[in-house]
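Each of the next two complexes has subunit A plus one more chain, namely subunit B in the first and subunit C in the second.
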Partner chain A sequence: MGANGKLKIGMYWASSCGGCDISLLEIGPRLLDLIAIADVVFWPCAADFKYKDVAAYPDGYIDACFYNGGVRNSEQEEVARLLRRKSKTLIGYGACAVDGGIPALANLKTVEDIYDAAYHHNPSIDNPNGVEPQPTYASEYGELEIPRFYRSVLSLKDVIEVDYQIPGCPPQADRVWEAIQAVAGGGVPPRNTAVKVGCTDKTVCDECPREKKLVKIKQFRRPQEVRPEPGWCVLEQGIMCMGPATRSGCGALCLKADMRCEGCYGPPANVEDQGVSMIGALGTLLDATTEERARELVDQIVDPVGTFYRFSLSSSMLKARK
Partner chain B sequence: MTSPHVKTKEGLRRISIDPVTRLEGHGKIDIFLDQDGNVADCFFQVPELRGFEKFCEGRPVEELPRITPRICGVCPEAHMMASAKACDAVYGADLPLTARMLRELQYNIFYVTDHTTHFYALGGPDFVMGPQSDPALRNLIGVIGKVGVAIGGEVIKCRTWGHEAAGIFGGKPVNPVNAIPGGMSKALKPEERDRLEEICRFMVEFGKFTLKLFHDVVLSNKEYVDLILNGPYYHETYSMGLVDEKNRVNFYDGKVRVVAPDGQELCKYAPPEYMQHIAERVEPWTYLKFPYLKKVGWKGFVGGKESGVYRATPQSRLNVADGMNSPLAQEAYEEYFETLTGDRSGKKPVHHTLAIHWARVIELMNAAERSLELVRHPEITHPENYRVVCDKIPREGVGIVEAPRGTLTHHYVTDERGIVQKANLIVGTTNNHAAICMSIKQAAQGLIRKGVDVTEGVLNMIEMAFRAYDPCFGCATHSLPGQMPLTVWVRDADGSVLTVVSR
Partner chain C sequence: MTQVGTQTQQPGPGRTTWEPRIIGFLCYWCSYTGADSAGTARMQYPPNVDIIKVMCSGRIDPELITTAFANGADGVMVLGCHIGDCHYISGNHKTMVRMPLMRRLLAELGLEPERFRHEWVSAAEGEKFSKLVGEMTEQVRALGPLNWPRLLHERGVGHGMDLKAWGE
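Then we have the complex of A and B:
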């Protein structure tokens, strides 16, 4: 805590989209409450503190540091290590920091394939000499560096000790505010073992207002093919909702837009692998008494890996293609 | 982070701005000074790649309006809409009027929210607080302290209400999920519409207020006007933007129009034709590509009519258009061109980089007015026409919208089941990549010269060259010198009070 009695907080983005940073603004007028009790000492998207400023802080200077995004390159790992050293409490913020998030879908591809699509073979590319970004480039006046691109996307806890984790893509404002209050009020120990906060121990299904008619799935259907019946469980209607295999905390917001749960809060409490959890749930929900019928239904599932692990590949048993 | 052992040529000095701040995303500036202290060269590097184009392959195409918004969670609606439009094209879906209007309404409300973020939290602090003011206060919190909590509260209200609107449409306020091939996932209920109208009415008033604030803070300040007109922030480049059938600015739909530095039309293309007009170069020192105009050709990092470098910014959109589709924005458009070119018709393009901020608040006004017009349309709450069911065999499609940060193109090729085989994305800010590099170098060369003390303030003025292009979001730092009594109650799980913090 600073001489003015205020907390020092930081926010960093790694392999992420900025939505987490925006979600912090989602707390709305409570933002004024936050800045009354806390000084921001690092937040690249909103404030002019540089890496050299952070490096000059004494160790443990930052009371609470929120790190969003997964770790895709060497700079993101270096900053994670720097912020760990400078922070009393390090919080993995959002689906990407917690489980890899959507950028970790890249773990299904090789680096060579990613470079190929980005720099060599796409409809608008003009790269006759086959140039690729290089970690070090010798310009006329000196070397230029860019971070090394890793083979796969790692979650924050894969590279550094994390005290708390707030899941969600992005975390929802009320949950974020509760978590901030807990840390700011000193109501929780500063160091911990990657404990998940800002969520509950239930599943999205548990907090979904839609009615379950307890009928089995007769056919899988895609959103553009069908107008779902309002108020009725979309999974029972054959739309691949991740609700049964997703931790709650969001308030089933996507279901309120008549869309399926995408699974952004990651696996439920005490479950390591979200996909395995979903497969288990589906096992009891299919309208199939024979193996043949079960296979017919399973064949209707498009992109099971990208659907069951959309936000959690880094933490899954699949991890990455090498 | 540049490692300590990185080599600089003997006799030269390197200044790094790392990371660049108050923008969405990552970036670093390396400036090389010669022995006299003049700028020998300057590089802007983007140190990140995530590979969306590759990992979109194999995904069902209807999921891309929810996957691609994670390219940028600051402007997720832009990706959601470009992606949904590409999906419509993939399925050959012909959207009913209500579906089209709902998309445009959601998108315009998002525009107001997004431009608000940039003006008040990202770019604006440089003007409200001063380009060389204390860096610890050169942010939204400093701005609120200076303009007062009452106005700051309105800014927060505009953002909060904007996100409430996003939630009404798309469930989640950040990364909404509601655009699908063929339209929207749900109809707009009459009571939801009523609330949206209230939000839109507020946004129109907020737009008027913001235009006035821009006048009071920026245009009434001689130093700032001088900085905009005569500072090292000027490039004559091509301009790109979407226009409707009357060549007026449209954020959601239309054709892409490109005009030369002198205002002559180079081309006007429909989304599927984008490949005839845009190509992208790769440089070894950055992860981000450099698009350019194919017909003009790549001549390096230079402006002018012979160079294919173009800009796609709020200013560019005004440059390519013959006007705005709403009255107050049209009035502001005429004043803008009158002041900057002497011709209120807008035929002569503006090339002053810092004037992009002005163009942005004019767009904010336009988006608010357009939202109010759409939300009042009698068909907007039609219970059926919010979508069509897709029944054609999927193939290939291109979707284009104007993201706040530039023309956004999504191009997908699928198999007959609608599984993506190939995705190509040309993203808002990427369009401006070459121009941003040029602007940063120009600012560095203009501001750092022999004998100049390179202070933090000078380096911030180099960053201002970048901020004019890439808005994005913001908020929060340091203490709030307002008068509002604030109390935070920290409760445990049972609701009993653990700590009360007041000031």
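Then we have the complex of A and C:
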């Protein structure tokens, strides 16, 4: 805490879309309450802070630092280590920092595949000389360096020790506000590596207002193919809802808007692997009494890895494609 | 959790060559008894399957399968009662849905289909059991070691791994 009695907070944007930075603004008028109790000492997205400013802070200077995004390159790793040193409390913020998020689906491809799609074989690319970014470049002003691209997308806890994690894509504003209040009031849970806050230990189904009719799934349909009947469990209607294998905390926002759960809060408590946990749940939900029928239904599921691990490949058991 | 993969990385004590390490989840009522009857009848089959007895194939959480691969198993086998024979009436109906889906998921993650096998083996099918073990061992041997921990290490993914940059 500073001489003015205010908390010092920071936020950093790593391998993520930027939605997490925006989601902090989603707390709305409460932002004024936040500014009343806290000074922002590092938030590159919102104001002009340099890494050297942070490096000049004494260790443990930042009271609470929110790090959103996973780690894909050497810059993100370096800043993660720097912020760990400069922060009393480091919070992994959002699905990418917690479980790898959408960018972690790149672990299904090799770096060679990614470079090929980004710089060579893509209809929108014009690169006749086959130029690729190089980590170092000797210019007339001296040697220039860009961050090195890692072979995989990692969650923040794979790289450094994390005190707390707030899951979600993005974390829901009310939960974020609760977490901020807890930090401000010293009411945080005992500091532990990567304990999850801003969520509950149950699943999205637990918060979902839709009713189960206890009928089995007769046909899988993609969200764009059918308008779900209001008030009825969308999974029972054959739309692949990740609710049974997803941690709650969001208040089942998507389901209240007639959209399936995509699983952004990651695996529930005591589950390590969200994708196969969903496969476990589906075991009891299909209308199949013969093997042929079971296979027929299972074959209707499109893109199992992309659906079941949409936000959590980095924290799953297998983590990457062979 | 203990690493089951040590023998897949290096030949174990007294071994000069790599041997496939396969984890077999067998239901207590049918498949385990089937394996038992293969033993009682003194049928010969390779010793490469480490059998884990579970009360019902419907109890095999798919997470157990990914855990086995993530810890270094070269193959996983799931054996249960035939449909209609389940001691718990419909336990294996869950298996019948989960395993084809697991097969698709593992294929998308780049595992060769021969490394994962799901079959029904009744208490009387000792011969089928020994044949399955023999087949699978040979198929996995032909594919070579899987060694998922080394794969993750090469990609620098997972807690405590050395981060690896492209081109290094």
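The rule is short, and it goes like this: the second predicted complex is superposed on the first by the 318 of 322 C-alpha atoms of A that agree within 3 Å, B and C clash if a C-alpha of one lies under 4 Å from a C-alpha of the other, contacts with A are read in each partner's own complex, and residues count from 1 in each chain.
We take it that a residue touches a chain if its C-beta (ideal position, glycine included) is under 8 Å from a C-beta of that chain, and two chains touch if they have at least 3 such contacts.
Since we're looking at a predicted model, the values are computed, not measured.
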item	value
Partner chain(s) touched by A:Ala56 [first = subunit B, second = subunit C, both, neither]	neither
Subunit B versus subunit C as contact partner of A:Ser139, first or second or both or neither	first
Partner chain in contact with A:Phe149 - subunit B first, subunit C second, else both or neither	both
Which of subunit B and subunit C A:Lys6 touches, first, second, both or neither	first
More subunit A residues in contact - subunit B or subunit C	B
Subunit B versus subunit C as contact partner of A:Val215, first or second or both or neither	neither
Touching partner for A:Val195 - first (subunit B), second (subunit C), both, neither	neither
Which of subunit B and subunit C A:Ala269 touches, first, second, both or neither	neither
Contacts of A:Cys45 with subunit B and subunit C, given as first, second, both or neither	first
Shared subunit A contacts, counted only where both subunit B and subunit C touch the same residue	73, 108, 149
Residues of subunit A that touch subunit C when the two form their complex	71, 73-74, 77, 107-108, 111, 115, 135, 148-154, 157-159, 271-273, 275-277, 279-280, 282-284, 286, 288-291, 294-295, 297-299, 301, 304-305, 308, 314, 316-322
Subunit A-touching residues of subunit C, taken from the complex the two chains share	58, 61-63, 65-67, 69-70, 83, 93-98, 100-102, 104-105, 108-111, 146, 148, 151-152, 154-161, 163-168
Subunit A residues touching subunit B - in the complex, by the definition given at the top	4, 6, 13, 15-26, 28-29, 31-37, 39-40, 43-52, 72-73, 75, 78-79, 101-103, 105-106, 108-109, 113-114, 116-119, 122-127, 131-134, 136-137, 139-147, 149, 169-170, 172-173, 181-182, 184-187, 222-227, 250, 253-259, 262, 302-303, 306-307, 310
